[in-house]
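Sharing a structure with you now.
In order of appearance the chains are A, B, C, D, E, F, G and H, and numbering begins at 1 in each one.
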Amino acid sequence: MDAMGILRQVREGDLSPEEAFKKLQLQPIEDLGYARIDHHRALRQGASEVIYGESKTAEQVAGIAERMAEAGSTNILITRLSPEKAAFLCERVDARYDPTSRIAIAAPKDIAQPIGHVVIATGGTSDMPVAEEAALTAQTLGSHVVRLYDVGVAGLHRLLSQAEELQRARVVIAVAGMEGALASVIGGLVDCPVIAVPTSVGYGASFGGVAALLSMLTSCASGVSVVNIDNGFGAGFLAHRINKLGEK
Amino acid sequence: MDAMGILRQVREGDLSPEEAFKKLQLQPIEDLGYARIDHHRALRQGASEVIYGESKTAEQVAGIAERMAEAGSTNILITRLSPEKAAFLCERVDARYDPTSRIAIAAPKDIAQPIGHVVIATGGTSDMPVAEEAALTAQTLGSHVVRLYDVGVAGLHRLLSQAEELQRARVVIAVAGMEGALASVIGGLVDCPVIAVPTSVGYGASFGGVAALLSMLTSCASGVSVVNIDNGFGAGFLAHRINKLGEK
Amino acid sequence: MDAMGILRQVREGDLSPEEAFKKLQLQPIEDLGYARIDHHRALRQGASEVIYGESKTAEQVAGIAERMAEAGSTNILITRLSPEKAAFLCERVDARYDPTSRIAIAAPKDIAQPIGHVVIATGGTSDMPVAEEAALTAQTLGSHVVRLYDVGVAGLHRLLSQAEELQRARVVIAVAGMEGALASVIGGLVDCPVIAVPTSVGYGASFGGVAALLSMLTSCASGVSVVNIDNGFGAGFLAHRINKLGEK
Amino acid sequence: MDAMGILRQVREGDLSPEEAFKKLQLQPIEDLGYARIDHHRALRQGASEVIYGESKTAEQVAGIAERMAEAGSTNILITRLSPEKAAFLCERVDARYDPTSRIAIAAPKDIAQPIGHVVIATGGTSDMPVAEEAALTAQTLGSHVVRLYDVGVAGLHRLLSQAEELQRARVVIAVAGMEGALASVIGGLVDCPVIAVPTSVGYGASFGGVAALLSMLTSCASGVSVVNIDNGFGAGFLAHRINKLGEK
Amino acid sequence: MDAMGILRQVREGDLSPEEAFKKLQLQPIEDLGYARIDHHRALRQGASEVIYGESKTAEQVAGIAERMAEAGSTNILITRLSPEKAAFLCERVDARYDPTSRIAIAAPKDIAQPIGHVVIATGGTSDMPVAEEAALTAQTLGSHVVRLYDVGVAGLHRLLSQAEELQRARVVIAVAGMEGALASVIGGLVDCPVIAVPTSVGYGASFGGVAALLSMLTSCASGVSVVNIDNGFGAGFLAHRINKLGEK
Amino acid sequence: MDAMGILRQVREGDLSPEEAFKKLQLQPIEDLGYARIDHHRALRQGASEVIYGESKTAEQVAGIAERMAEAGSTNILITRLSPEKAAFLCERVDARYDPTSRIAIAAPKDIAQPIGHVVIATGGTSDMPVAEEAALTAQTLGSHVVRLYDVGVAGLHRLLSQAEELQRARVVIAVAGMEGALASVIGGLVDCPVIAVPTSVGYGASFGGVAALLSMLTSCASGVSVVNIDNGFGAGFLAHRINKLGEK
Amino acid sequence: MDAMGILRQVREGDLSPEEAFKKLQLQPIEDLGYARIDHHRALRQGASEVIYGESKTAEQVAGIAERMAEAGSTNILITRLSPEKAAFLCERVDARYDPTSRIAIAAPKDIAQPIGHVVIATGGTSDMPVAEEAALTAQTLGSHVVRLYDVGVAGLHRLLSQAEELQRARVVIAVAGMEGALASVIGGLVDCPVIAVPTSVGYGASFGGVAALLSMLTSCASGVSVVNIDNGFGAGFLAHRINKLGEK
Amino acid sequence: MDAMGILRQVREGDLSPEEAFKKLQLQPIEDLGYARIDHHRALRQGASEVIYGESKTAEQVAGIAERMAEAGSTNILITRLSPEKAAFLCERVDARYDPTSRIAIAAPKDIAQPIGHVVIATGGTSDMPVAEEAALTAQTLGSHVVRLYDVGVAGLHRLLSQAEELQRARVVIAVAGMEGALASVIGGLVDCPVIAVPTSVGYGASFGGVAALLSMLTSCASGVSVVNIDNGFGAGFLAHRINKLGEK
């Protein structure tokens, strides 16, 4: 935490106590009234703050993105953004928008050299929006991503025929709704970490993704962990963190 | 229904209205006070009444079994019977008891010629009590049963190496706790009916079998239907009914 | 499973290992990007792949149906298709659409000789869409279907007056919302397999079909199994599988 | 309410304001520290206070019963009393205990002339403890009770053969676990009020009585209302209240 | 049940067996394809069949009402009918519509002499639609109804000031959302049956009426039973049944 | 309660019994048919009755507000009021409307001297509507309010940098959706009462605020209590009550 | 928070940066391996750390209490302590144990002058253990406590006759299981904060306290907040915090 | 998957088709009747099969461990083993048992050089059994583990004073019951993957770990994923997999 870093500087004579106190008060947090932007997060946590677009107004989203871009952030991820808000955003800020994943990237900058190998598999066509949210997130953060879509376990050979691809992965994201069995089957096929993403695809006893969520949490395969229902962003973010470890 | 059968006899002159009315009053139901035994059920539904042992006293179980045996029933299934009640039963009635499935069979009689091919698969060792309840039920009713235990999807080749056995089945019972993915995977491998039995094996988010239940209900494989959690008896009974259809 | 079938050919000299490997790579799976079509499924599982229309775009649905029809599939079932998507589909592919069940059948072909006897009963008028999904599915696959609608247990003689029809069935589908008691009552009247379909009809404590689902899972009648809430397709598909067994 | 009754007496000159105030302060409530006994309840509500035995100590139960008996109450119902507490009670107070229903009756007094006709039906043998709690409650309050046990809907003719008995009832209590369909079927057969009592009999998806509870709440039969799971007392109490209306 | 009644006529010589059988086949049930109308229900159960309007089409509702009116039914209740369907209905059949309760009454006929005393109390203004559904149902069936609206327990004196009105009731219907405490408080004030109706009024942890439902089911007051969430019709119907008992 | 107060006056000779009775009958409750207004509530409970606008019609809301204003109430809070109803209200009554919190204040009057120190903190921007409902409620009742928005625990230093502000509070309201951890962290930082308000912000396993609700209820920090999901009004009301205590 | 306090001392020259850093490292937290004791908590938060006894071993409980007593803490609360662990504790440390509330107080010291007025009311006798946990907690922290037990709403006059006692309270704790209506009724009677404690008393649809919890969360009375099921300690702790505000 | 690996050998001429087929039939799976041991798993997935001890008999556990040890496996993990079964095991096989985590390690072998840096933090003392299950699992697989126990967020400085330790981690396991906020707070402090383990520690609304589970799934901190309630083994296993990536 920063407070500790500042104190270390005090100990090593690099900072006076007065300055230390000021810094703690004047943390690089900009208060917009409706939001507090943390401009130093990229330094501290290796990624700019991500903007959750769902329950913010178009003005709030654009306002935050604008301030972050002005402060030098690039590849600012904005998730769960409706097309209408995206249109508003793109008029105010330099941004790209992907309607399938509903992700916008403000102040976009090309990734020079994607790292590692993240495989994203889905049970069916309907899981694509969540899978693409994961894929764009990991790619924007710098990972190399391979997509294996519509490989659900009811037609097992569709998945088995991709076994080599799976085994090359440093981390696999398994995206599935309905009964979510994909995570368990992949978990038994690979020896790398598997991030399971339950989706709200389904009806009746799928209860908006609960069936897949419980199924993935109780998977009999080892090496599987789970993120929230439809949380493609979280899976992509974590996959990149794990993927990066293999670079060191 | 019998009422209709009796009326048909009236129409065809085989029965007087007076007799018809008496028969409807004097249905073959024996009232023991705590239970009404339906002695004609074997005729009507192809199987003697089954005694659910869990919440009956040892005296009640033995009393019912005794009366049914006296009335000529054989291979009377008693399910969910504790060892203590079973001991009490065996002193009063001719009966065999299997402690794994907790099934007793009163007035046991050998099955001359088991029919068809029922395959019972389990995800793990812990699912055995439920699977054996299904197996003994189907066998007692007259089916030929093959057991494939501990073939859970986390080690998929254990299941795939038994693919030929599965494909010979007229009906498959898939017994699994935890995430219950076994039903979906088997459902994708065979083209016969699959009866899924969720078990209460597991902990935490398996919620006593709910995770497996939901997973099986939302299976993306077609041809799968589900019975209650831990209902091995129900699966075995239904499997025999389906299996019998192939004999006709 | 196919992998095993291919290996058997290798063993028997009908296939070289090189060809075997190619076959495994070149499974009859066509990758459209958003979907992987399994063109050999009709061979393996006795029925073409079924298209779940709900969360696919009109373009995706039409694209898959078109490719399947070109590859020779007939009577391709498309379930949960909105009228709008159906209109789009019918412009691109030869297809029939039924608005009650929301089923489309692409590349339709008449069934020469419907087999067996599948009875579909509903508790009320409101369960008709689900019942029709089951009925059209079973009919399209080749079953003879009889409908008994609005025979709920609150007016028991409506059901009892149809007892003969029920007893002729090889398999019965019981479709009911609210308390779902229909499945138990029918289960006590017949000696064939009963497939229970809970529907989301109801309000308050019916919780979108949960009351009926739990009621059907805990039915005290033997021989009853359950599919997902509103899963008319699954019930019709399974009913045909069971019905077919009686033909052998 | 009493406060109003007292004020009315003031208005009509039967009571001075000073006395009225005292009465309101000195309500016939006796405070034992752990309980406040309402000695006038029999006057106000037509029945003595009932003691819920489950979470009281044996001393508390006996203490309350003793004070009520001393104050002149008779036929004091004590529900959910374990055999151990009952033994303790019977040493201190004149009381009878029924182990099936776990009801004790302190200061018992014979009912001269039971009124009306309350029918209590159960789905199975296992529902007897709850049914007996209802039966003893209604009998102790003064109702004539007829028992129809083990008439569950899976063997419908067991129930139909008792149709005349049901039609004589002024109120029916339907006690059932598992899927609880008994309430709906009886609700369709009679034209008197039906009180449905879900029981915790069952396993798996019966969720301790929830399946029966939801089933009964969503019954498609009119004239059915529901009490808490296993609440035989509540059903018996209400049945007597309704039964009494027919006497007026 | 009718089958029994017909058989009794056979026994007493009032009916030949041939006629009896015909009657059982030709039950007064008219099959409209989408619905089976039970024209004799008013005879058997004291009230015409009630039409649940929610998930029927306007054509179906009008069709059923029309046939019932033609067959001589009057005061036909149609519940949960949208204004649009009601407009359609009123063009085809003689009917009155109440938009608050969403009830229509087809073939309306004045009630000569309302009987008894049914009190309907609500916790708040928002519970009025459900309360009116109960009130109109009971009135249409012939009961005298008194309304006490907005007497929730958070302002207890609003309720206490109506204590005399409550005590005159033969049966009370307590309608409340949120925490549903009204049923318990009224249950402690009166000595007649109380029918509790939880409503879906509320937000957050009221979970669409579940909080009120559970609260009412676990009421510590005796003499209270519960119907489904928002089931004003069921409460009104049952209240009339109970109210009628006091007339005999 | 008033009834007691009136009786005390009788005892002390300030009121004749006749007048007392009349007062109890003529409580200051005005019955509008759809609502009973309690005009003396401000006297008894320190605040005018609050109007819950969600499920009342625009006419009902305006009618109640109008009558209250005429009777002399000021700063009448109307919560959960849609902009449409607010527009209708403002035409009929002197009122101010805040669209973020959806609160209207009828017969507004300035607060002379706000008391104490209520701090309202939110986890994120999306929690603002609920927080503003709390803030406006407390302010309207007379409290001094400080807002700390977007200080969620994932960026802990945003919260820690405001520690002094938190420590000055007499009561803190912690408003958060998602996992609701804010309440626990604040609970560990302050020694005044903390009112936790879970919000429905989130998706998937947040289940409309349930995750935050459970998290807050099980907080390991002492001194924290919880109100309903999204119940900003309740939190603001309670905060003012607690805040007032510090004034005495 | 302490870090800030230490920094302030640095700014005001009362502490050198080196010492500040050491203090932050050498926080008054003692690490026993299995627990970290915070010896300065009484200073910071006005109360010593409280020991949750439920899932600690007797050795761990005694070890922590011993170290806290040695460091000068008095009146150390230990909650949810079984009699067995309490016996072990009392042999090692000076402590008193109350078996009803299962609270132990180590290093007990008399409270000179209890402050304020905390009223604790329960719905029934069975709620006493939770109420006593609240009472002992508040008393040990220094509050004056009045107990009103067994005043549940089903016998409303038991509660109303105590209205004056309630109105004297600075804060009320309402403890109730079953339907938990007590909180709403009390909330309507008083104008001080009400802390509602749902208890797990009940059966069936009380679901271990969930019915009471939901009922209390959705209370239509203002000024009510809720703590966890059976959390008497939390209520007593918070009540004391609120009570203290009135002293300032 | 192995099937593919074998086929690759066929393609490259390292294996004849006949041998390939035999290998597929003779997979290194040993069938003990009650279990199928996969002896090659260590090769394929980097770790021997792990034995879930909970629902196996002592004989089954010992039998499997014995066979694995004979086949050359070392450091065989057996989880959720009761002390009784452990005693039985240790008599038959060379094994060590840890009663806190209930883990046994059969055929134990020292880890030469633990790799990386896995930090395991707990909210409280009560979470230790789960944390130790994670710790022993990761250590047995070869990871270097650091324990930070009892650093829950209600005393935030306990956690903040360990910030440097946390920042050295390659992966952090956050173990917490109650409200589970620890995962979110740690997630905001570190930039490595965080594995959250909800525990069943708590009571009331913690619902056996559900509150913590939901809280962790909906964490507003990025980089957090979740395993099943109390699944210390799964967290430790996954942590080692991630930790290993940093070694490459």
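In the analysis below, contacts are C-beta pairs under 8 Å (C-beta built on N, C-alpha and C of every residue); 3 or more make two chains touch, one makes a residue touch a chain.
The shown structure was predicted, so the numbers you read here are calculated from the model rather than taken from an experiment.
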item: Number of hops, subunit A to subunit H, where each hop joins two touching chains; value: 1
item: Identity of the chain that, by mean CA position, is farthest from subunit E; value: H
item: Greatest separation from subunit A - chain, by CA centre; value: D
item: Copies subunit G and subunit E - interface residue numbers shared by over half, same or different; value: same
item: Whole-Å gap separating subunit A and subunit G, where each centre is the average of the chain's CA atoms; value: 41
item: Between subunit F and subunit C, distance of the C-alpha-averaged centres to the nearest whole Å; value: 53
item: Rounded Å distance between subunit C and subunit E, as computed from the means of their C-alpha atoms; value: 37
item: Centre distance in Å when subunit F and subunit H are each reduced to the mean of their C-alpha atoms; value: 48
item: Junction residues of subunit E, two or more chains touched; value: 1, 3, 24, 124, 155-156, 160, 189, 204-206, 213, 217-218, 222, 228-229
item: Touching residues (chain side subunit B, partner subunit C) in the complex; value: 1, 3-4, 44-47, 50, 160, 163-164, 170, 189, 191-193, 195, 213, 217-218, 222-229, 233-235, 237-238, 241-242, 245-246, 248
item: Footprint of subunit G on subunit E - complex, ascending; value: 123-124, 152-156, 178-181, 184-185, 187-189, 202, 204-207, 210-222
item: Parts of subunit A lying in touch with subunit C, wherever the complex brings them together; value: 124-126, 128, 149-151, 155-158, 160-161, 201, 203-206
item: Subunit H-facing residues of subunit G, complex; value: 1-3, 24-25, 27, 29, 33-36, 38, 41, 52, 54-56, 60, 198, 200, 208-209, 213, 228-231
